[in-house]
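Quick notes on the structure that follows.
Letters A, B, C, D, E and F name the chains as they come in the text, with residue numbers starting at 1 for each one.
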Amino acid sequence: MNWLVVDEIIKNALVEDGAYDDITTNSIMSKDDTCTVDLIAKEEGIIAGIEVFRRVFTLLGNVEVEFLVNEGDKVSYSQLIGKIKGSTKNVLTGERVALNLIQRMSGVATLTRKFADKLDGTKAKLLDTRKTTPGLRILEKYSVTVGGGCNHRYNLADGVLIKDNHIDAAGGITQAIEMARKSVSFVRKLEVEVESLEQLQEALEAKADIIMLDNMDLATMKKAVELTNGRAILEASGNVSLDTIRDIALTGVDYISSGSLTHSYTALDLSMKNLKRIDIYN
Amino acid sequence: MNWLVVDEIIKNALVEDGAYDDITTNSIMSKDDTCTVDLIAKEEGIIAGIEVFRRVFTLLGNVEVEFLVNEGDKVSYSQLIGKIKGSTKNVLTGERVALNLIQRMSGVATLTRKFADKLDGTKAKLLDTRKTTPGLRILEKYSVTVGGGCNHRYNLADGVLIKDNHIDAAGGITQAIEMARKSVSFVRKLEVEVESLEQLQEALEAKADIIMLDNMDLATMKKAVELTNGRAILEASGNVSLDTIRDIALTGVDYISSGSLTHSYTALDLSMKNLKRIDIYN
Amino acid sequence: MNWLVVDEIIKNALVEDGAYDDITTNSIMSKDDTCTVDLIAKEEGIIAGIEVFRRVFTLLGNVEVEFLVNEGDKVSYSQLIGKIKGSTKNVLTGERVALNLIQRMSGVATLTRKFADKLDGTKAKLLDTRKTTPGLRILEKYSVTVGGGCNHRYNLADGVLIKDNHIDAAGGITQAIEMARKSVSFVRKLEVEVESLEQLQEALEAKADIIMLDNMDLATMKKAVELTNGRAILEASGNVSLDTIRDIALTGVDYISSGSLTHSYTALDLSMKNLKRIDIYN
Amino acid sequence: MNWLVVDEIIKNALVEDGAYDDITTNSIMSKDDTCTVDLIAKEEGIIAGIEVFRRVFTLLGNVEVEFLVNEGDKVSYSQLIGKIKGSTKNVLTGERVALNLIQRMSGVATLTRKFADKLDGTKAKLLDTRKTTPGLRILEKYSVTVGGGCNHRYNLADGVLIKDNHIDAAGGITQAIEMARKSVSFVRKLEVEVESLEQLQEALEAKADIIMLDNMDLATMKKAVELTNGRAILEASGNVSLDTIRDIALTGVDYISSGSLTHSYTALDLSMKNLKRIDIYN
Amino acid sequence: MNWLVVDEIIKNALVEDGAYDDITTNSIMSKDDTCTVDLIAKEEGIIAGIEVFRRVFTLLGNVEVEFLVNEGDKVSYSQLIGKIKGSTKNVLTGERVALNLIQRMSGVATLTRKFADKLDGTKAKLLDTRKTTPGLRILEKYSVTVGGGCNHRYNLADGVLIKDNHIDAAGGITQAIEMARKSVSFVRKLEVEVESLEQLQEALEAKADIIMLDNMDLATMKKAVELTNGRAILEASGNVSLDTIRDIALTGVDYISSGSLTHSYTALDLSMKNLKRIDIYN
Amino acid sequence: MNWLVVDEIIKNALVEDGAYDDITTNSIMSKDDTCTVDLIAKEEGIIAGIEVFRRVFTLLGNVEVEFLVNEGDKVSYSQLIGKIKGSTKNVLTGERVALNLIQRMSGVATLTRKFADKLDGTKAKLLDTRKTTPGLRILEKYSVTVGGGCNHRYNLADGVLIKDNHIDAAGGITQAIEMARKSVSFVRKLEVEVESLEQLQEALEAKADIIMLDNMDLATMKKAVELTNGRAILEASGNVSLDTIRDIALTGVDYISSGSLTHSYTALDLSMKNLKRIDIYN
């Protein structure tokens, strides 16, 4: 991950939460109070965001975090997953931001793992989309990989994806691909979205590198795989759910993308508990 | 809402999505192409974020948005909720960010409404928490009010909330309240979290303005309401779900807070469809 | 204090003063020159801003500051109040900014102490206002507390204060309070400004938490205190000077606010003298 | 003035004051309310900062300001000096910041005028120093010119001023001037501070462009003027007050500098009064 | 081009040049002076940067620019290429920055055209590199396209290019490609640098999308083209000059990259002349 | 140099180059790989930018740079000029930015030295201009001094230079100088550009501090020197090349300025070679 970007997210979140002006803690806690706290899982799921959680406290200072699990591990209800130790002021002040981040990242990884497990034994790989939380894309896309998914293009600047509106405006798939090929750097692959076998045929002839099969039924998708015969990478998109993904994979497509991974997860329930005031430096 | 902050969120999201470098659209669309598109609901829910959606296109320029529903309205499957009209480049470039924002805001409002409806006919009011998405608190807290909830303190700088760890460090509830009263501006109310009726009694004697009843069972909560007898505002917290919230309300507490409103919503499914290329200026 | 904000003030001041481009010192002083300097009071007053003064040199680097007095101490003409030791370049480069800050902060504390001393033996407390120097509010409000005053709301976002224009627009005190109560978070107290006993009566009935008595004469203020009888916090405002403040306090009001504390102080005269070039590391 | 810098000062002040989150005004005032208000002088003085005052409301939007006096005019108690007209929300929200700025700027101009008047009929000109309020130097130095003073160097990057410590480090005035001449661009004048006629003689021989006579008595200063005989510009510094400045001027020096202009002024008392709610657009 | 980025470059350049503090022009020119000026070519070359030149004056305001040539046109000595009209202050203040930008952009386009002309009638295309001026990459890469070249990857985040050190660290070409394929998004092509036909053979077997032939002699390059036979895109790199590029192209490679385009151009000599003070608004 | 500014240039360049997202290196290099690399000169020239080169790696971290030459030294083809040692990831990631900077700085110094050598034995000094690369002025002006040149004013805020358009607008040289003298701080010298001996005479009478002889032929310039006779500093400008500069110097002018130093240099060819993977910490 690009930590310059992640640090900005964390600092922004700390400012948003008034962490440098915690009027309650500042009224009561002495600068020298130290403590230990436990990080506990309160439901089953996949952990993602260990280094981001730790980074919150590194930026606040004087707090050490030790994790008892690894990134991507499955945790269960009431499991102790980490120990936090250090300045009580900073522990209390950073608690909410650190949890808000790791809970969402773990939520993405947990949902992604459920989808990815459905693909076991097939050749298809799971892809995310750009349907991410504004401002947190870097963390959510990373969490998708922790959960076992792959990343599609990062953003509009990062890859060509020619959709129906582009095709319509260009006057056809062939023309659209030609226009993009002329305009963008030769280091880029060209992806085009098709809705029928006819469009697929045209995209193959125009030498698209990647072809997205948009909302096709299973039978059509299967024919698309046969027609393509390895001449392009195939991505299935539309109506992808935990119920449908395995059948889609069995058609033989290379990738299956789902917006759910990043727009319909819920935060994994984690909690910081058992704060004990101790003199950790003796 | 503070639009300086919201504008920063939108601009940041546009940069994150590479909106000013949309290599596909830039290759194919002419600067002068114009179009209309429909905004459609794909599931039932409460709409929040109309002005934020519009602002995305205002910041990109040359796109008008007309909404057929009002903030807080319930929409149903396949309902047409808005019309977008203007520069095709900017419509395509801003589409994902605009949807990512309004879908999440509407998701919060939709879930909040479900909770709020359970309180019909009781005197209790619904509160949010600080368990919000880092970077989007302003939008999520606003969406809670659209859904029928109230806002608790905005952040750590915005209100005093004395929790168990503060009480422990101060040497007791009385001492903690005294320390806070001395340290913070007299314009602030003091809230303290209590776990038993004994603690409640102490908080009342120390003249706390607001008292949070943390994880109390219904019977104890009821006794707390009687004991308090209007001398402080009572907030119930912990184990609040759609199943439990009404019974909690019926104990007579003033407020009930739930983190779910902002950490366990999913995006409301909305979509921009039916792009028609037209010459809108003739 | 929120040191993120203070650091920005200091860095901004250093850039404003061209401290990283001190063409005179850079022409003449070697990077390795070291020295000691004395910080001397040149008039009597109260010291505030010790940590801010030190922070200027910490940010420049390689300079140690030792203070012989504590924050809030009274100093007298020609008293040695601190010793600065370290890189001569950084001492000369930071001198003006460090002095400009501590002299103004001490000026606020000195004037505040004069007002606060007048309240000895009364129950009234001294309050500041928002009439602060743009960009330095955090330092001036802090200095008020060093001088023995209390802080009113930090800014327009930090507290409700309903003034005559709001009352007029709302259609009356009762309506204005009701509108504010409905709009702002329940964690906030509501303050309203009144100009007569009739308005006071209405504010009390509308359950204002704090009532500002604006420009009332002493006799009316006294009646206001009686009428209120502890049902709200009373703040006196208007025509507060060193001559009038004690009589105002004796009416029995809880707080007295004065803009003079932050708009009519002058800098306390402090000076860095007796620079001695020494090899401090041997 | 560099308005990029001034705009930053104003925006920073508005954020500091929570102007975009005025919870009271937002609760009560409708977006469409309009009004007129008077700007009144409450004591005699010199007005400075008219365009800065106006700019606060321009940045907030929908408020017009008309001034009945010109920059640098003398105003008297209760004089109407301007009319503000427009959005009531923005008038109330910007009031404090706009006043905080113009009152301080006018305070500087008022004090400067008192000093400048003492120089009437002499050839000496009045200079400011770097003893300005951190963050507001651009406004205070400008206000000095409004009051009839001249500006010394803007900051450490903007001019060479060789002081005793530099002389000591360089090994003498001649050496210090030589080092500076070699190091800085030839477009700069070189100023050196001297404490005796011997030092003055050395500075003249080293061809200093400007020589500051530091804390000299009147007799010595007079001899310095004679000795210099037009070979360098002479600046008097130290113990400059309203009582002493005329005698200093009569020694024949070219410039007299005083830190008081910017560190010992108080805000000029101005007030926004008589808000009338009117429908200004009809 | 991403104009957010270009605007930052221009604003930064204006601040760097003190354009908002032009003490000479501010002393002499009235705010209302208007004028016309000519933009003249003082040597032969290719024009690039017309919109950037215009944007400098748009950001300063009140200046119109009309160009008599188009982006990419060849201009000759003393040719009139544009007319500037508007505020004299802004014309004088923006002149240097506007010229500094367009002269460098045109310098890049002029040199690129010389290289590109050498490729006439061959199938090879000209590529730039990352050897650009820090801070101006967006403008220089754009100017390469104006001059007839193509862009290689924008930066390290924008494309995979496996060089000798990566190969060495990975333990071989096959391993390096495999590691990259596993780690980066499937939307990216993989490029690898090879120094021999053996390495080329391995890269082809590992299915590299693009292969850079590094510093190969013409004979070897020719064999590389035959061996590859269309299975990958071939890029020649190293020792590319105006003397050698045509022979390299004739080997049959697809692309030839040269750092010279952006590190060894000189500014094209353009000048703003014949300022005429006129009242342009009458 | 002002390192705050330089650090911004470097950080901006690293972000521009995607250095924190080097997808190739991140795929292949382990975080713990270490290496040594040589910095080699590939052509003869003057080295400038040693500390800037080092700073790139300091900001990335975990890389040490040792230089075998000093700032301003002449280096020759294939000479080893430095050794880089540390984290392989950071070496590869920072390589391009570090080289792009030092190559351009050395290019400026190399060209400047060629001009400066022509002045040997004359009294004239070489000056740069404002014709610098936008964003890199601080580095280019510094490199001019490394090459043996002097710096003219840094920017429009840093010195007065009255040109023909100013003179025309003011109504004459005398008026223009008078207006500037009245408006700018007395610490500044006034420079005026003249095109004839008549103008020179007027400038001398108006007591200009510096006079620029614009595009005069050698004979006229010689007369100008005689006419001036030390009453002002004379700067020659226009048609300055390696062929003409010595003759210009021999006319007796004090300074000669040339835009070529910063607008017509090419990057000095330097290269990082011979990366050896070693365990540098054992």
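Here is the rule we go by: contacts are C-beta pairs under 8 Å (C-beta built on N, C-alpha and C of every residue); 3 or more make two chains touch, one makes a residue touch a chain.
Note that the structure is predicted; figures quoted are calculated from it, not measured.
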>> Using the touch definition from the top, how many steps at minimum link chain A to chain F?
In response: 1
> What chains, if any, are shared contacts of chain C and chain E?
Replying inline: A, B, D, F
>> From the centre of chain B, which other chain's Cα mean sits the farthest off?
In response: F
>> If you average the CA coordinates per chain, which chain's centre is most distant from that of chain A?
In response: D
> Just curious, how far off is chain C from chain A if you go by their C-alpha centres, in Å?
Replying inline: 47
>> Quick check: how many Å separate the C-alpha centres of chain E and chain F?
In response: 22
> Using mean CA coordinates as chain centres, what's the chain B-chain F distance in Å?
Replying inline: 54
> Which chain A residues sit where two or more other chains touch them?
Replying inline: 20-21, 154, 158-159, 188
> Mind giving me all the chain pairs that touch?
Replying inline: A-B, A-C, A-E, A-F, B-C, B-D, B-E, C-D, C-F, D-E, D-F, E-F
> Given the complex with chain D, which residues does chain B contribute to the contact?
Replying inline: 2-5
>> List the residues on chain F that touch chain E in their complex, please.
In response: 9-10, 12-13, 16-30, 33, 35, 88, 92-93, 96-97, 99-101, 103-104, 130-137, 154-163, 165-166, 168-170, 176, 179-180, 182-184, 188, 263-267, 275, 277
> In the complex of these two chains, what residues of chain E are touching chain D?
Replying inline: 15, 20-21
>> Help me check something: in the complex, which residues belonging to chain B touch chain C?
In response: 125, 150-154, 158-159, 185-189, 191, 210, 233, 255
